[in-house]
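Across the two complexes that follow, subunit A remains constant while its partner is subunit B and subsequently subunit C.
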Partner chain A sequence: MRRYIVRRVLASIPVLAVVAIITFGILHLTPGDPAEVIAGPDARPEDVEAIRTRLGLDRPAIVQFGNWIGSLAQGDLGVSAFSGQRVTSLIAERIGPTVSIAVLAAVFAISLGIPLGVLAAWKANTWIDRTVMLFAVLGLSLPAFLLGFVIMWILGIKFQLLPVAGYARLSEGFGEYLKYLVLPSLTASLTLMALITRMTRASTLEVLREDYIRTARAKGLQERLVLFRHALRNAALPILTVVGFGLAFLVSGLVIVESVFAVPGMGRLLVDAIRQRDYSIIQGVVLTVSVFYVLVNLTVDLLYSYVDPRVRY
Partner chain B sequence: MVGITLGEDHSIRAVTQAPSGNSTAAENGQRPVVLELDGLRAHFATPQGIVKAVDGVNWDVREGETVALVGESGSGKSVTALGIMGLISPPGKITGGRILFGGRDLAQLSQEEMRNIRGHQIAMVFQEPMTSLNPVLTVRRQMTEGMEVHLKMRPKEASERAIELLTLVGIPDAKRRMHEYPHHFSGGMRQRVMIAQALSCNPKVILADEPTTALDVTIQAQVLEVMEGLAHRFNTATVIITHNLGVVARYARRVNVMYAGRLVETGNARDIYTNPQHPYTYGLLQSVPRLNEPRKTSLIPIEGSPPDLARLPQGCAFRPRCRFAVERCGQETPLMALVGPAHAAACWVAASPGGLPK
Partner chain C sequence: MAMQEAAPTLPFANDPWVVQAAQRVLTFARRNPTMALGLLVVGTMVIISIAAPLIERHAPDFVNPIDRLQSPNRSYWFGTDQVGRDIYARVVHGGRISLIVGFSVAGLTMAFGAAIGLISGYFRRADTFIMAAMDGLMAIPMILLAIALVAILGASTRNVIIALCVVHLPREVRLVRASVLSLREQQYVEAARAIGASPWRILGRHVFPGTLPVLIIQGSFTCSTAILSEATLSFLGAGASPEVASWGRMMAESTTYFQRAPWAIMFPGIALGLTVLSVSLIGDGLRDVLDPKLSRRT
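Here is the complex of A and B:
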């Protein structure tokens, strides 16, 4: 088991290397000369040249990459071409809201999606199943921002239960912090929740036909134990895979959710940086999100072997 | 000691005692009946028609004794056992008859009442040891959960009993091995785990559905030996379900033979083996090797295959395959009739004065 973990962790290193190369490539693969964009339309040629020299853009790509990796290794993501602020501190400032929304959204999606999926499978082909699946289809087919507006309108404007925009830091009190998080998190979670519900239903339905489920019932176990101890763990592998992929979608969806609910997170940082062609920030955000993807994948893989002992090497 | 009674459908029923347990053990010197099927029916409503998987079956089993339920694959043995457990899944359901156990009719109980009986008072061992244990739970977890639910044992107490039981069924080093998963055990060992689990709550009855069919011949005998030894020791009644009459020769006191959802012959094991009366039983005996006899030189399988249970022919269901058939067989369904002491068969020819020509 320990050897498997070590091997799996080592295997993510080449992936991270590829991520680094692609992130660096953003600068060179996007159309337009970064120095010209930064200098602005009215800049004189010597100003553009100065910027090019300052950013090291005049040197060979391989040297630039070497320097970039060198500073990356020291945790330095460079500075914003416009504000001159360090990219690491800009990200640090904006990562809190994004991570909070992502975590709460994942909690919503998993803690509601799995029981709903199990329920639908257990009551397969009854009105309960059909109702749950109708919501799952809606959750998958409607775009997140539309759902966001609907939820915002119902909970925030019609019933005035929750604030519709903004963000409160944890230092302003946990209740306040949570109040601002609920709407964006719920919105961000819906697609993933629908995905998890569907996968849980399909996977559980299959498992419920297995002989060992009949054995569990023959033991006189309560249905709760039959479903959650015997069926769900066997149904877990495909669900885990969906959770892993789904988290990636969820994070990309945050760009929109943060705009709808005016949350000052990384999504907003990224949108602003793209508008201004602030390459260091774009690279920093992309890199952070990619590292997050790799970590999620690693965790999912390790969970596989925890959930299903036959996966152990 | 045989009582002859008239069944629902006016067939003669040969049971070892009058139904409903109204004569006591002391009266006739026999052990009391623990489980009795009285005209049990279980049908599946399928698009192809109503499949009469179990169609009016009577038999009983007494405290601590072993009876066999025998028949080819598809004759309704598993559905009978699942019916007793209340585990027939849709589109199947019990459509008639009674399952008398502990003074109650199990067919009338609620799901929750049945749940309290399952695994506690009546336990079941399934055919496929490879798929009947949960692959992602340890053997310990699967051994102890029944005891925790029914006997309200604490995990530690249940674990200790699990070690004892696993040792009793012949799993070496049980204390360590019970923390492993089913895929670490061989087929025979898994079936021992199933048996230990089934015995864990001291059930009154064990329904063993083809418990050794999936195992190697040498392992089959060992596993049966273990199961029968423990059932005897704990005074648990066992119903061994099998398609192989040879397998149960040594253990069963009585044998009930099923064909196409009905009982076709019932009798003490010795009579069934030495003097089978129904042509189907006769065929079954010819077609299987016996564990306790030297291998026969030739085994003769029964020709043809079991009928479609949704479209049973008129008359005797066995007629298309029967070499003794007479005209009446195609017109009227034969009813159970005594063919000897404590021995009955549902066959027109067997019931005729001359009996079955041999």
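Here is the complex of A and C:
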């Protein structure tokens, strides 16, 4: 077990290295001169030259990459070309809301998706199953921002239950903090929830046909125990896989949701940076999120062998 | 049924070839009802997009401030947006971008995914490098990488297609590679090797056909996610150029007015949802037809 963990952790190092190379390459893929792109179309030649020197763009690519990796190792992601602020401090400011929404969204997706999937499998081919699956299909084919507006309209404007935009820090009180988080998190969770529901239903349905389920029922076990202890535990592996790769949907949901609900998080930071062509912020955000993403996936992988002792690589 | 009743009135209805074709279509539709529905909707969308200039009632870019934010009515079937453009015309034209992006991304990732996947699965040495690159690409969340690429390359339909190809490629490569790994151990591949066939001939004639089901199934899912991603990119302002009507951009522009004019966001949204749903129905259908082993899983 320990050997497996060590091996799995070591295996993610080259992945992170490739991520770093790709992120670095993003700026240098630019068809033109990055300095000119950063300076904008109206810049004077000496301004372009100044930017080139300041960012070290006049040096060979390999030297630039070395410097970039070097500062990266010291936790330095560079400076925003637009505001001159450090990218690390910008990200630090914005990471709170994003992580809060992500965690709550994952909680929503898992705590609603799994029971709904089990329910659909248990009531397979009834109207309950069909309704649940209809919503799952809708969740997967409608864009998150559209669902966001529908939810915002129903819960925020029609019934005025929750605030429709903005963010409250934890220091302003837990209730307030949670109130602002619910709508964005719910929206961000929908795609993942739909995915989890689908996979839970499929995988539970398969398990419910097994002999040991019939045995459990035959010995008079409560249906609840049959479903959650016998069926769900054996159906857990594919569900966990979906949770793992579904986190990508969560990330894309976050970027959109922060725009829709005006949450000052990393997604907004990124979208604003795109508008201002602020490449060091784009690089910084992509890199930070990717590192998180790799780490979360690593955790999910390690959970496999915990949930299902049959899996030992 | 309707087809049989209508048959005698048509001059070519007694042509045995037509009758046979119609029966085949009906049998197919009866066996795969959801896939037939998906094909019907996507087919309709394709026709609408091609015929957009013929069926529009106002020019999609015609700004008419006097008629702005009108609810759906007889002149403007889907209403108008905040500058008085006809939403019906824009929805009809917007389908072009979605479909072009969806189909091109699917086609290109299938072509490149097949080539790279075959090489990666067959040649051990290339495998390490290719898979490291693909794992790295996969580690960056799709939409972030796509946004960053479009931001760097510049906003145009071509660059959106390139960006979405890059982000969808690793999944296609992985699946093709996985099936190559099992196919290369098959006896008929060994037999081909034994009679001295070159690696390229083995890959092209013996291994490649075996990867087709996986390739096509994944391709159809790539198509639906690409359509959705294009809309998301447009929504976030990293999509095709602003002059082109696209569903994502229409929704983005209407967000500020969505309480006053919900139709401005709903109609493009419905068109988008319907298209994505239909493409995934086709994908599910293809999976049932091409890969019966997988069919009962989801």
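By definition in this document, the second predicted complex is superposed on the first by the 310 of 313 C-alpha atoms of A that agree within 3 Å, B and C clash if a C-alpha of one lies under 4 Å from a C-alpha of the other, contacts with A are read in each partner's own complex, and residues count from 1 in each chain.
FYI, a contact is a pair of C-beta atoms (placed from the backbone, for glycine too) under 8 Å apart; a residue touches a chain by one contact, two chains touch by 3 or more.
These numbers were taken from a predicted model, which means no experiment stands behind them.
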Point to revise | subunit A as common anchor, with subunit B and subunit C clashing or fitting | key: fit
Check your understanding: After lining up the shared chain so the two structures overlap, which partner does A:7 touch, if you call subunit B first and subunit C second: first, second, both or neither?
Key -> neither
Practice item. Give the angle at the C-alpha centre of subunit A formed by the C-alpha centres of subunit B and subunit C in the superposed arrangement, rounded to the nearest 10 degrees. Key: 80
Practice item. Report for A:130: first if it touches subunit B alone, second if subunit C alone, otherwise both or neither. Key: neither
Check your understanding: Looking at the overlay, does A:169 come into contact with subunit B only (first), subunit C only (second), both, or neither?
Key -> neither
Review point. What is the contact status of A:233 with respect to subunit B (first) and subunit C (second): first, second, both, or neither?
Key: first
Check your understanding: Looking at the overlay, what does A:289 touch: subunit B (first), subunit C (second), both, or neither?
Key -> second
Point to revise | Superposition-derived comparison: subunit B or subunit C, residues of subunit A touched | key: C
**Study point:** subunit B versus subunit C as contact partner of A:54, first or second or both or neither
**Key:** neither
Exercise for review: Determine, under the contact definition given at the top, whether A:215 touches first (subunit B), second (subunit C), both, or neither.
Suggested key: first
Exercise for review: For A:275, select first, second, both or neither according to whether it touches subunit B, subunit C, the two together, or no partner.
Suggested key: second
Practice item. Pick out the closest CA atoms of subunit B and subunit C after fitting on chain A and give their distance in Å. Key: 18
Exercise for review: Show which residues of subunit A both subunit B and subunit C reach, each in its own complex.
Suggested key: none
Check your understanding: Hey, which residues of subunit A end up touching subunit C in the complex?
Key -> 14-19, 21-23, 26-27, 29-31, 137-138, 140-146, 149, 153, 157, 198-199, 202, 206, 248, 251-252, 255-256, 259-260, 270-271, 274-275, 277, 279, 282-283, 285-286, 289-290, 293-294, 297
Review point. Where on subunit A does subunit B make contact in their complex?
Key: 210-212, 214-222, 225, 229-230, 233-234, 307-310
Practice item. Would you pull the subunit B residues touching subunit A in the complex into a rising list? Key: 85, 87, 115-120, 123-124, 126, 128, 131-137, 145-146, 149-150, 181, 183, 194, 197
Point to revise | In the complex with subunit A, residue positions of subunit C that touch it | key: 132-133, 135-137, 139-145, 147-149, 151-154, 224, 228-229, 231-232, 235-238, 248, 251, 255, 258-259, 262, 265, 269, 272-273, 276-277, 280, 296-298
